[in-house]
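Each in structure tokens, the structures are laid out below.
Each of the next two complexes has chain A plus one more chain, namely chain B in the first and chain C in the second.
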Partner chain A sequence: MKKTIKPYIMLLPAMTILLGIFVAGLSMAFLQSLGYFPTIGLQEFTLNYYKEVLTDHGFLTSLRFSLWIAFVSSSVSVVLGVLLAYSIVKSKHKKGLEEIVYKLPVIVPHVVATLLVYNILGQSGIIARMAYALGFISQQSEFPALLFDKNGFGIILAYVWKGTPFIAMVVYTVLSNMNNRLSEVALNLGATNKQVFWHVLIPLTMPSIFSSFIIIFAFSFGAYEVPFLIGPTAPRALPVQAYAEYMNADLRHRPYTMTINMVLTFISFLCIWIYHKTFKLLNKYNG
Partner chain B sequence: MPQIQLKKIHKSFQDKRILNDMNLSIEEGEMISLLGPSGCGKTTTLKIIAGLVEPDQGDILINNQSVLNIPVEKRGAVIVFQDYLLFPHLTVEGNIEFGLKMAKVDKKIRKEKVKEMLSLMELDGQQYKYPNELSGGQRQRVALARALAVEPKVLLLDEPFSNLDLRLRETMREFVCSVQRKLKITTILVTHDKDEALMTSDKIAIMLEGEIKQYGTPLELYKKPISEEVANFFGETNYIIGKVEDGIFKSPLGNFRTTLQNTVKLKAMIRPEEIEVVSVYQETNTKGIITRSRYAGDRMYYMISLKGMEIKSISIAKEIFDVGEEVSLRIDSKNMVFYEV
Partner chain C sequence: MIKEKKTIMRKIILFLLIAGLILNLVGCTQEAVVAGENEDLLETNWESILEEAEGTEVNFYGWGGSQMTNDWLDNFLALRLKEEYNITLNRVPMDIDQVLNKLLGENQMNVTGTADVIWINGENFSTARTNDLLYGPFTHKLPNFNQYIDVESVEVKYDFGFPVEGYEAPYGKAQFVLVYDEARVEQVPKGHEELMELVKNNAGKFTYPAPPDFTGSAFIRNIIYDIVGYEQFITMKADKEVIAKAIQPAMDYLNELKPYLWRNGETYPSTIAQLHNMYADHEVFMTMNYNSNEAAARIQTGEFPRTTNTFVFENGTIGNTHFLAIPDNAPNKAGALAVIDFILSVEAQASKYNPDNWGDLPVLDNARLSDSERAIFDEIQIGKGALPQHILLDHRVPEMPANFVPIIEEIWMENIL
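Showing the complex of A and B:
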């Protein structure tokens, strides 16, 4: 008895914080999204907020915008990251420096990455200045508005800058630990280098590529600072929208906020589930 | 005309010489062994033939044409590796058809080939399994099927049986030999196991320190090793110093008829199984005292002290002699091999 209960007791402090804050916060948000917010006199459970939010044009545009940003930035990061990792593995010379340099963006915070993008791509940024100095443009407004644009180009770029090295790091580790001799076998059986890449290396790294895709997808879908700083006013990214609703002085807006948050949470949980499934796939042939 | 020829191959890795002036020719349909201790360059030789490693010097001819400039994927020399290296993400079927798929062979033909290979390798019904669901022997057969499916000009087997347990090893050895005979595919087997080489090969190349020391039929290598190092590699030996006078080899073990010219000093190699230990009452010219005896079921391993020499013998365990017992030795001199001293 003592033995079975001991690990739970020892886990208790950590679990209190983890479950306490997480579960309590989540249940409160859920209750409020259902219209239960006694502080301001809302006592009745209702699905009206969901109905309203899920049919609201503004919300749907924001959702689409967030999904677009997350999907495009994660996909581009995956492609670039895999190519980067593959070229580092393939490069013949010593790998001291390049192994460190490509990882640097991973440790830079997103806010700093945003500032970098702002300083480089803004209409008063470095590229714009260079274009002006070289005589390509004669005034600031002639430089294309890459930031704050409704396709989220600046946001995507910031996420790609952060995501690519992360993917590369994961894939590089997998690739360099992978049995190089499997490539030799494939070549020996008549595969070209390109075929080795597509038929051996990619399938074998696929589970890790996919799970790291999910990680950066979930992050860029739910994170708020980048679209807040360099995103357009319309459409707003979903997390920014949630933040704006939350900051609304009128507390009656709160259930809407929480509904948006629940949607964000639901999609994140979906990501976790997919992540979990890909690990099962990985174990299918490695177990 | 030999199908495969290695001419003066040299290879070093980081100043360490692996292959030194290696020459070898293999006839079409032959099964030969590269036999040698680990680290003697056997696997490197296979990789050079396959095109996975480039030689520093020398040439490789397949069907009388140099293949040095033909990349690995077009060379048609396929290796079956010691640890099989099946693709873990592909099923048995996917593994077997891999080479054909890479060559963009029509799906229907691929399926036919897979079916043919599955039945040849006695793997029917296993095609949808992943490698981690197979036993060692099955993985081995899948690896072999995968290599044979591309119909290579040469099949290269890199210690293919060493990961299997003893009984399975024998079964697989027989199996591979029968497949080889059936398909008549030129095969090079790399092994450090001399029994394996002796039992499976048409010819054996003894490799020591990156060189081929002798190349010939199993019988030649065992009975007529050209040097002491080759003789030693094939197991226990006795060396006796003597001299030849008028067609007689005179030695402490006795006098034996020979066709050799007169010499002052000569060393004769004689295998332990050519020396039979018999009862002292049987009249022979050589007598000694047993100093060690080991019982091995059907055989007896003896060490006999004789005129200050230690002589090894392997005899049939019909009559058993004890340590300290005086015995007679019956020596069969026709398989003696002589070396200059």
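Showing the complex of A and C:
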């Protein structure tokens, strides 16, 4: 009896903080999204906020916009990341430098990545200045508007710049630790490099590719700073929308904020669940 | 044996902790002096208040996020108070929200606090007043207030729409200004109509930050004032439909302006920092500011072109006032009164107005100054790109009630985006 309880008791201090903050915050948010916020006199439970938010045109465009950004940026990152990892593994010469350089963007914060994208691709950015100096454009507005655009091009680019090395890092580790014999057998039996890549390496790395896809998808779906800084005023990404609602000085808006937050949380939990499932799949492969 | 030692240790530690807690509580109760002796302070004359204030310490609580502001308090105000009244000024940097929470807590326990003077305005003042956290009315006691302040002015009577009633004294002023590049804007617009014309003739060269950005929101309110006037908003009910109807002409105006804005109005800068950046990069030819002296400072640092200047609309731009108040549980109310009175002196306001010290607009009424006093203000070099205060003060309209702001932002989002 004592033995079974002991690990839980040992975990208690850490868990109180982790779960205490997390669960308390989440339940408060949930209660408020149901319209229960006694501090400002809202006492009745109601699903009206959900009904209003989920049928609101602005919310739906924001949701679509956020999903679009997350999906496109994560997919592009995965393709580029896998290619990057594969080419590093394949390159013949010494790998010391490459192994460090490609990881650099992983440690750069998203805000800084946004600043880089802004400085390079903005209408007064480095490329625009070069184009101007070379006479391709005669004024700033002629340079294509890549940032603050309705398709979220700038946001996607910032996420790809951050996501690609992350995927490459995960895939590279898996690839370089993989047993070479399978590839060698395939090559021996007459498979081309391309066939080895598609039929041996990709299936073996698939679970880790997928789980890292989920990680960057969940992040770019829920993160606030990049779309706030280089996103369009409309449509707003969902986290930006939630923040704007939260900043509203009228406290009666709080339930709307929390409803948006609950939707964000729900989708993130869905991602965790898929992530969990893929890990099971991964274990099956290895076992 | 060892185990036993450990438990003894633990018991000792536990005992010490409990003892510490109890002693602490005792300390608290000892501090709980009823603030009765100050009750009739407002009945006595000014000389005896100064006498009581002499040689005391005054704790000044307020926002400490600006080095310039802090330097002015430490290097000018504290020194001069020491010379004049032998008062020691302790500046305590603390955000006003925290100060209010502290006062609320102290109020619940009914103890004397530590803050004597607090820097406050807007929503926080109305919160403090509705919870009876402030001492007063006290402003009628201050000689400088009576001599230099225009008590009938809307800005002294109301703080973001909430009646002041003598519970806070004006400290300084901020005012919204538009910033432009003389090299690229030939004729400064006098009002919204000329602005429309200018923007139509220079498509893509003007924009404003999208609310809830503070400055962008102020720009929209300013356009509303310029089109429908500000008087009606002072007595208007904070009802979305009423406000929407009143500001409809302004929304029509902004919609007409929209296609000529930067990026055809499809997107707006999300922060004022971004707009400043775009202005510095020559993407737009105008920016704006709620601090009328900031553009001058940015010219100094080389961020803005030297041809930068500021202007206001002929019908005025929005300004707000920051205030000083005394908590109801302040330990040294006489000292607080002396300090606030000194801040309202010509000397202190002029020093504060000097951009080398702070650059905060004075609150004194120009009409009540003598010629020599006015000359003191006129002599201050305000730097290239800043407007002299008499132009600002002559073109100044009061802020809307604080609870209108989110409603207007909402209407903007529904109508313009």
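Definition applied: the second predicted complex is superposed on the first by the 287 of 287 C-alpha atoms of A that agree within 3 Å, B and C clash if a C-alpha of one lies under 4 Å from a C-alpha of the other, contacts with A are read in each partner's own complex, and residues count from 1 in each chain.
One rule holds for everything that comes next: contacts are C-beta pairs under 8 Å (C-beta built on N, C-alpha and C of every residue); 3 or more make two chains touch, one makes a residue touch a chain.
These figures come from a predicted structure and were not determined experimentally.
J.: Aligned on chain A, chain B and chain C: do they clash or fit?
T.: They fit side by side.
J.: With both complexes superposed on chain A, which partner does A:225 reach: first (chain B), second (chain C), both or neither?
T.: neither
J.: Which partner chains sit in contact with A:98 here, chain B, chain C, both or neither? Use first/second/both/neither.
T.: A:98: touches no partner chain.
J.: Which holds for A:56: it touches chain B only (first), chain C only (second), both, or neither?
T.: It touches nothing on chain B or chain C.
J.: Determine, under the contact definition given at the top, whether A:123 touches first (chain B), second (chain C), both, or neither.
T.: second
J.: For the overlaid structures, how many degrees, to the nearest 10, lie between chain B and chain C at the C-alpha centre of chain A?
T.: 150
J.: Now for A:233: first (chain B), second (chain C), both, or neither, which partner does it touch?
T.: After superposing on A, A:233 lies in contact with chain C but is clear of chain B.
J.: After lining up the shared chain so the two structures overlap, which partner does A:186 touch, if you call chain B first and chain C second: first, second, both or neither?
T.: Only chain B; A:186 stays clear of chain C.
J.: Superposed on chain A, how close does chain B come to chain C by Cα atoms? Whole Å, please.
T.: Checking C-alpha atoms only, chain B sits 49 Å from chain C at its nearest point.
J.: So which bits of chain A does chain B touch that chain C touches too?
T.: No residue sits in both footprints.
J.: Spell out the part of chain A that touches chain B in their complex, as residue ranges.
T.: 179, 181-182, 184-192, 195, 199-200, 203-204, 284-287
J.: Considering only the defined contacts, which chain A positions touch chain C in the complex?
T.: 123-124, 140-141, 145, 148-150, 228-229, 231-234, 244, 247-250, 253
J.: Could you pull out which chain C residues touch chain A in their complex?
T.: These residues of chain C touch chain A: 123, 204, 210, 212, 263, 266-268, 270, 274, 278, 281-283, 402-403, 405-407, 409-410, 417.
J.: Which residues of chain B touch chain A in the complex?
T.: 50-52, 72-74, 77-79, 81, 85, 87-89, 98-99, 101-103, 130-132, 146-147, 150
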